[in-house]
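A, B and C are the chain letters, set down in written order, and residue numbers restart from 1 in every chain.
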Amino acid sequence: MTGDAHDGSPERVLQALGLDLPEPPGAVGAYLPWQRLGCVVTTSFQLPWRGSALVATGLVGRDVTIEQAIAAARQCALNGLAQLRQAAGGDLKRVRLVRIDGHVGCTPGFADIPQVLDGASRLVNEVLGERGRHARTALGHVVMPLDVPVMLGFLAEVDES
Amino acid sequence: MTGDAHDGSPERVLQALGLDLPEPPGAVGAYLPWQRLGCVVTTSFQLPWRGSALVATGLVGRDVTIEQAIAAARQCALNGLAQLRQAAGGDLKRVRLVRIDGHVGCTPGFADIPQVLDGASRLVNEVLGERGRHARTALGHVVMPLDVPVMLGFLAEVDES
Amino acid sequence: MTGDAHDGSPERVLQALGLDLPEPPGAVGAYLPWQRLGCVVTTSFQLPWRGSALVATGLVGRDVTIEQAIAAARQCALNGLAQLRQAAGGDLKRVRLVRIDGHVGCTPGFADIPQVLDGASRLVNEVLGERGRHARTALGHVVMPLDVPVMLGFLAEVDES
């Protein structure tokens, strides 16, 4: 990688968006934040941690607005990108996203699960470009670990360098 | 592929069942209906779309009967086969199913989740034969995206041709 | 494998813990307990079967205590290890765990999902050692198939021998 910023550089996009990838959050149990399988990386669910705090807790449609949920989805995506960057030896350009598994904590009648998860999908599409295009699964839940409104799992391919 | 129908032809089985694979449904957000990872294809969740309408909405055990839910599971399976056929360049014979992830929207006391999902499993077993045999996961939910009673994810291997 | 017990032997650890892997439980529908994809094995969800009975049913936080749920998670893990051993031709040393997908049936306010799933994670870490280290996903549900309090899916790599 040369010192020049260039199109196709995820880091440059992050910079242009004023975003910084955080330290990859640790696990909340006896497991790893991510694991490899050949060139595949699968992450544990990413919660909307920002530092040691969650950016939101509660159910969308009752405690959390759609706008807050979208922001939480973006935070989960930043944390996921941080995990994948670490798994790729620090180089996001080696990451190609394959699938995001999206989970939204919401009231039973909540109708906008795809809209919440698009907060994450749009961000990764923007940061990774063509290499960010992904399949996605989406589920709603009335109970979530640590009472978070959004959780995301990431499946990606990491180029050998 | 010769013009002759023959045993082992998924298309012939579909024809014999009077079934037509639909156009693969599009995504309902900023993602793709399926993505590849080497020879592996993972689909986004398939909803029971038939054309632009859902064949059923609501929870099984309250708004939707088991029979309707089984029909919805079959429709999800047809849509999934359509995605996999597209991912395999139009040739279902190149598809080997690996796993179906099944999700049923139902009342808390509903006891027949496996029976609903068997609607999908039986169909793919019939259409793909030995290459349709799959692992399966099964979950029930009291809230579902777009209020569908069934959603299915597909993981398959696609032979290079 | 020599006749000598040695460090790094999963079977020896099981023996030391006084644990026996059961017969791998069968499927409860028209699917397989596990399926392969190259060197990867994905299991169907493992329920807390012990023989033909479930070690617990009901929701954690209402019908099932945390201690009972942890025991159920361990039983799911034993069943998962039994599936993976079978998929590896009977040799657990050929199994390297990649991810556990954990599902807990619980009341909406239940806060200890990670603690329940750690029952499984700790067991596989102990039995498989370095080869047991895994990513993990965790979800809570108010409805579960067969009313079980815990279900686990396993993704593993199996060495060719």
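The definition used in the following text is that contacts are C-beta pairs under 8 Å (C-beta built on N, C-alpha and C of every residue); 3 or more make two chains touch, one makes a residue touch a chain.
As the structure is a prediction and not an experimental result, all values here were calculated from the model.
Residues touching across the subunit B-subunit C interface largely differ between the two copies, under half of the numbers being common to both. The angle of the rotation carrying subunit A onto subunit C, fitted on C-alpha atoms and rounded to the nearest 5, is 120°.
If you average the CA atoms of subunit B and of subunit C, the two centres end up 27 Å from each other. Contacts with at least two other chains are made by residues 141-142 of subunit C. Residues of subunit C touching subunit B in their complex: 27-38, 42-45, 101, 103, 141-147, 153.
Chain contact summary for the complex, subunit C toward subunit A: residues 39-40, 98-100, 106-111, 113-115, 117-118, 121-122, 125, 133-142, 155, 157.
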